[in-house]
Amino acid sequence: MDSQYVPTGIPGVDKALADQGIPRGHTILIAGGPGSGKTTFATQFLYKGATEYGEPAVYITLDEDPEDMKKNMSKFGWDLDQLEREKKLIFINVSPVRVGPTEKAGLVQLGMKEFKLIKLLEAIRTGIEQVQAKRVVIDPITIFTLQYPDETERIYAMRDLIADFRKTGCTNLLISELKGTGLEREHQFEEYLAQGVILLRTIIKGEKLVRMFQVAKMRGLAVDTQPRPYEITDDGIQVYPTLTVFQ
Amino acid sequence: MDSQYVPTGIPGVDKALADQGIPRGHTILIAGGPGSGKTTFATQFLYKGATEYGEPAVYITLDEDPEDMKKNMSKFGWDLDQLEREKKLIFINVSPVRVGPTEKAGLVQLGMKEFKLIKLLEAIRTGIEQVQAKRVVIDPITIFTLQYPDETERIYAMRDLIADFRKTGCTNLLISELKGTGLEREHQFEEYLAQGVILLRTIIKGEKLVRMFQVAKMRGLAVDTQPRPYEITDDGIQVYPTLTVFQ
Amino acid sequence: MDSQYVPTGIPGVDKALADQGIPRGHTILIAGGPGSGKTTFATQFLYKGATEYGEPAVYITLDEDPEDMKKNMSKFGWDLDQLEREKKLIFINVSPVRVGPTEKAGLVQLGMKEFKLIKLLEAIRTGIEQVQAKRVVIDPITIFTLQYPDETERIYAMRDLIADFRKTGCTNLLISELKGTGLEREHQFEEYLAQGVILLRTIIKGEKLVRMFQVAKMRGLAVDTQPRPYEITDDGIQVYPTLTVFQ
Amino acid sequence: MDSQYVPTGIPGVDKALADQGIPRGHTILIAGGPGSGKTTFATQFLYKGATEYGEPAVYITLDEDPEDMKKNMSKFGWDLDQLEREKKLIFINVSPVRVGPTEKAGLVQLGMKEFKLIKLLEAIRTGIEQVQAKRVVIDPITIFTLQYPDETERIYAMRDLIADFRKTGCTNLLISELKGTGLEREHQFEEYLAQGVILLRTIIKGEKLVRMFQVAKMRGLAVDTQPRPYEITDDGIQVYPTLTVFQ
Amino acid sequence: MDSQYVPTGIPGVDKALADQGIPRGHTILIAGGPGSGKTTFATQFLYKGATEYGEPAVYITLDEDPEDMKKNMSKFGWDLDQLEREKKLIFINVSPVRVGPTEKAGLVQLGMKEFKLIKLLEAIRTGIEQVQAKRVVIDPITIFTLQYPDETERIYAMRDLIADFRKTGCTNLLISELKGTGLEREHQFEEYLAQGVILLRTIIKGEKLVRMFQVAKMRGLAVDTQPRPYEITDDGIQVYPTLTVFQ
Amino acid sequence: MDSQYVPTGIPGVDKALADQGIPRGHTILIAGGPGSGKTTFATQFLYKGATEYGEPAVYITLDEDPEDMKKNMSKFGWDLDQLEREKKLIFINVSPVRVGPTEKAGLVQLGMKEFKLIKLLEAIRTGIEQVQAKRVVIDPITIFTLQYPDETERIYAMRDLIADFRKTGCTNLLISELKGTGLEREHQFEEYLAQGVILLRTIIKGEKLVRMFQVAKMRGLAVDTQPRPYEITDDGIQVYPTLTVFQ
């Protein structure tokens, strides 16, 4: 039977998550700036799940071509094509753009401004069924929320998405783009709706910029909420859960 | 007969409240960022009320499934299901979303954008009658205020809600989401309308982020308004009412 | 005959007001954040006026039930009910909400969005006549200005209110809610229209938050404009007019 | 014949103005926060002009009753009533509010929102003719600019006002309300249109707030633009043109 | 034949411009706050051009009467009337206001809101023809951009203006008003369109405000981009190109 | 056959790019303020590509006349005219302004507000075909995004542009204008859409402004993300990839 927590398999992260992982079935926001390694974090989560924990996965891209993404991730030594062939991973592109007939299977084709919640949910369900997925990533959720200029509708749409996710039993990551760079900032509404929030930011420490990992919120788990340094190494994300980032 | 003050039962909090508690019948805002323990604070207030002070309670959730919430809170050793069976606590879900027939009893079913003050008040009254409640929580109030894009109407709706609450005789917590992270901030309008405001924030102190509890306002009681450190321990919220957070 | 200045009777305040008080007939803004003691300041001003200086008073509440207010203020040892019975003080509730028939006398009943200047002025005049008042408080003025979303109309309405106040001969306090918490801030338009402005704020001094009283403006009187510490004691507001708040 | 510069007569100010004064015929903005002494500065300029330099004056009030103003100013020992009787000074109230028949002569009666440039110009010309004025004050100009919500029209209206002022040959002060309190701030559009700008602000220096006078701009004159401390004494504004306010 | 660079003749400026000057034919933004000496800088550029480098000039004023301007500048010992008589300089007033018949020649008369690009270009061309100008100033460009509330149209209009300027072969200064006072600021769109940007600002250095000159951008020339102190002396602008303003 | 990475040939930059260069086929944002050397960076990238790496190039200008640009760049010793004659480089001006018949070939003529994605794509394809280009620059992209005031459409248009670029196989630079000057800033939406982001900014270090180069994001490559000093020398951009900019 499934355990109550889902290990991420990312070095240092599970230690910060009370030596457990993400509470099973929760939807977690991975929020960071450009170049912070959000996609690397999410891919590593799925790759480790598929190869080490026997949990198949769905990666839903809203912004990047899956072939490009797989190529970019190959530098970490993760053979995503092989996982796809073994039906342990499926990439689904639900970009809301007009695309030509040469695009690969698994594509949901949508015109501009027609990209609605129902289509995204269909793609999620189809993907989960095809590989019996236990883990799902949506990258980035920003493209989805852009469809709803009205604030109330946007919040409801995100709530519905998370509620639907809850029913699938999968553990999910939503990639979210931080608006600004400072330590002091406005919260983004998704942070209140998701069951957990992991921030990937940078601060100046002495003569250097330092990458800073923080579990800002994790419902149902007593986590370490201190910011911790992390790096993007040749093997992917590496968090240092016992080091501090403030002088 | 009821005493004039309602002890929260949360370690360190009543000491900050002049060794008394919250003035009976008042509506208090619990405001904090994501992951600050607002829901833990509110649940602890109700749990302690029901188990130690003989005060039954209503927990109105506008954002989270009660089953999820109870599970998340179980890590603190609070058996909320047992309290429900003993009619000492009732959870009411008044989420303004379309929900299926498998949802549990106590649900007020509302379509999007139809979620109005009258429905929320009905839910509150029904809940109070069912368990003869003395304590009520609404979590989060943000979902309610979102219904009123016009500022004046929003303030009136919140005033009406608090005025109605006043008539029930219950002592109430409204969970409120802080917009930003800095010490310097804009006040949110609810802070002026509620009879008390408790802030749950964080600051950087030396090498660490420190959680900071502050009773910013408490009508009718001479309280300690200094910020004090707090933690979320295995037993719930713990405030340290004699320690300082600055320097 | 009336003297030219009206002593507040609040310890330390009159010393900051050139050992005099507020210029008679002026309308003063008392501006502060939630929990800053604005209502305590205003009540103390009226209580001292009625009990020590023979000046009856009108307290117009726009936000809080007078019974609640009197109860909250009773902790300072001020018997407001007794003053009401002696016709030295009258509370008038002009909340712009629908209220039931059990509300007490002195109430001006208004529907939402019908709350206009003329009604407020009628309430003021009625109150002044009933007790031959010399002092008036409106708490908070924010509810009044909310009626005027257009900036020009809002400023005109406030000007008319202050001009009308001027004709009554009473000395008046308008309770105003500060938008933000920082020392650097945008001025609120009322500060330019009122004849005086007293700010109740907080700053961090060493290891503590310190309450900070400041007479920012007082037409017709050479006042001490330095910020001075204040406390809310068991006897009400206490200003320390010879201490400094910086470093 | 008139000299090229108009001495203000305010202690310390003419020294900061290259030992000269304001270039004759220029329109200068006096900008400061509430309580900064803007009205005192302007009245002192007119009083000194009328009593020491033989220059009659017009004081146009848009916000305050002239009787109140004269009373408030009497604490500095300036007998403005006497100057009025001697036809050396005239107060004109062009407040855009409905006023009763008991108001004093010199009043331009306007309904709300009917207050336009043409009326203000008429009042200015009438006043100048009556006393053969050489100096004019408008206090505050904010009430005038409020009539023009469109930015372009507002700037044109202010340009027209200043151009018209130029033709009268008078030296003029426009009282302007600063929006915020910080040293770093957005410029207000009037600062670019006026021929000179004098700022009255405050900064924290050591343990105290210090009032800070600064000639930010003075076309046609090489002025001292360093901020200098000033006080509001029993005799009015006193600038200390050789002291520094920083460090 | 014309050399490739146009010396400004302003002490210290040409040294900061790689000992050359402004690239011939370029349009440079002179941006500063009120009182920063923008008009002095521009007049000095034209005066030196006409008297020392044999380059006639056109000064287009959008905000100030040319007679006033010439008078204000006379304090630097620049006889602009003489230059006008010698046909080495022409002032053109294209203020978008109604003006009377007594205004001097060279005036383009425009009603409010009718001030368009085509009229400004006509004025420029007429002026250039009359004196065979090599240098042109528009002071301030803000009045021009105000005509275009739509951001895209405003940028296009400014691009067209600069492109047209390019065809005249003249070297041009556009006077631009900075919105705020801080070192950290939003860029104004003109800074990207102009071929060069010179900033005139102030910073606090020790006990004083110091004026700070900076060549932020100069296409086609390797310039010194360090901020340098400057003063407004009896002879006009003086930049100190080897001194520093920080520390 | 083409290698996987494209060396920029700019001193110090390829070292910061993992001793490789830009991943082939990616679209990189070059973002900086006015005068930061964005155009120099892009031209140097194309010049080095054409002269040292055998990669022909297309430079699409949206803001500046190609002749001006070539002249401005000539100071670095880059003979762009010669490259054009050798069919190794082509400049295409797609400025959305009305232009006369004397403009040079390669011009796409557009009326105001008619400048759409399709026209830009046509210009790109035409240019690539003419020189068999491997590198493309668009300078600046801001003019393109201005066409789309609606945020969602703007993001879609940029996504489509980048997706189309991807199909050409070329490696591309998009010149982007930073809105503000501070280290703490709001991210611009293009930073999330581009496959890489290089920032060209300045900070104050000791007594000087220092230019600061930073690879903020580079998909598919483990890069050095530390800010590094750079200069604009007589030979173009020079990055110092082993020096630090902080402290």
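Every chain is named by a letter (A, B, C, D, E and F) in the order it is written, and numbering of its residues begins at 1.
Just so we're on the same page, a contact is a pair of C-beta atoms (placed from the backbone, for glycine too) under 8 Å apart; a residue touches a chain by one contact, two chains touch by 3 or more.
Note that the structure is a prediction, hence the values are computed from the model and not measured.
The chains that touch both chain C and chain D are none; no such chain exists. Note on chain C versus chain F: their Cα superposition corresponds to a rotation of 180 degrees, in steps of 5.
Counting the residue numbers used at the interface between chain E and chain F, under half appear in both copies, so the two copies meet with largely different residues.
A straight line joining the Cα centres of chain A and chain F is 30 Å long. One inter-chain figure worth recording: chain C and chain E are separated by 52 Å, centre to centre, where each centre is the mean of the chain's CA atoms.
For this pair, chain A with chain D, the centres built from the Cα atoms lie 61 Å apart. Along chain B, no residue makes contact with two or more other chains. With chains as nodes and touching pairs as edges, the resulting graph is a single ring in which every chain has exactly two contacts.
Remark: chain A residues 23, 151-153, 155-156, 159-160, 163, 166, 183-187, 191-193, 195, 197, 215-222, 225-227, 244, 246-247 touch chain B in the complex.
Chain B meets chain A in the complex at residues 33-35, 39, 63, 65, 68, 71-72, 75, 95-97, 112-113, 140, 142-143, 146-147, 149, 177-182, 204, 206-209, 232-234.
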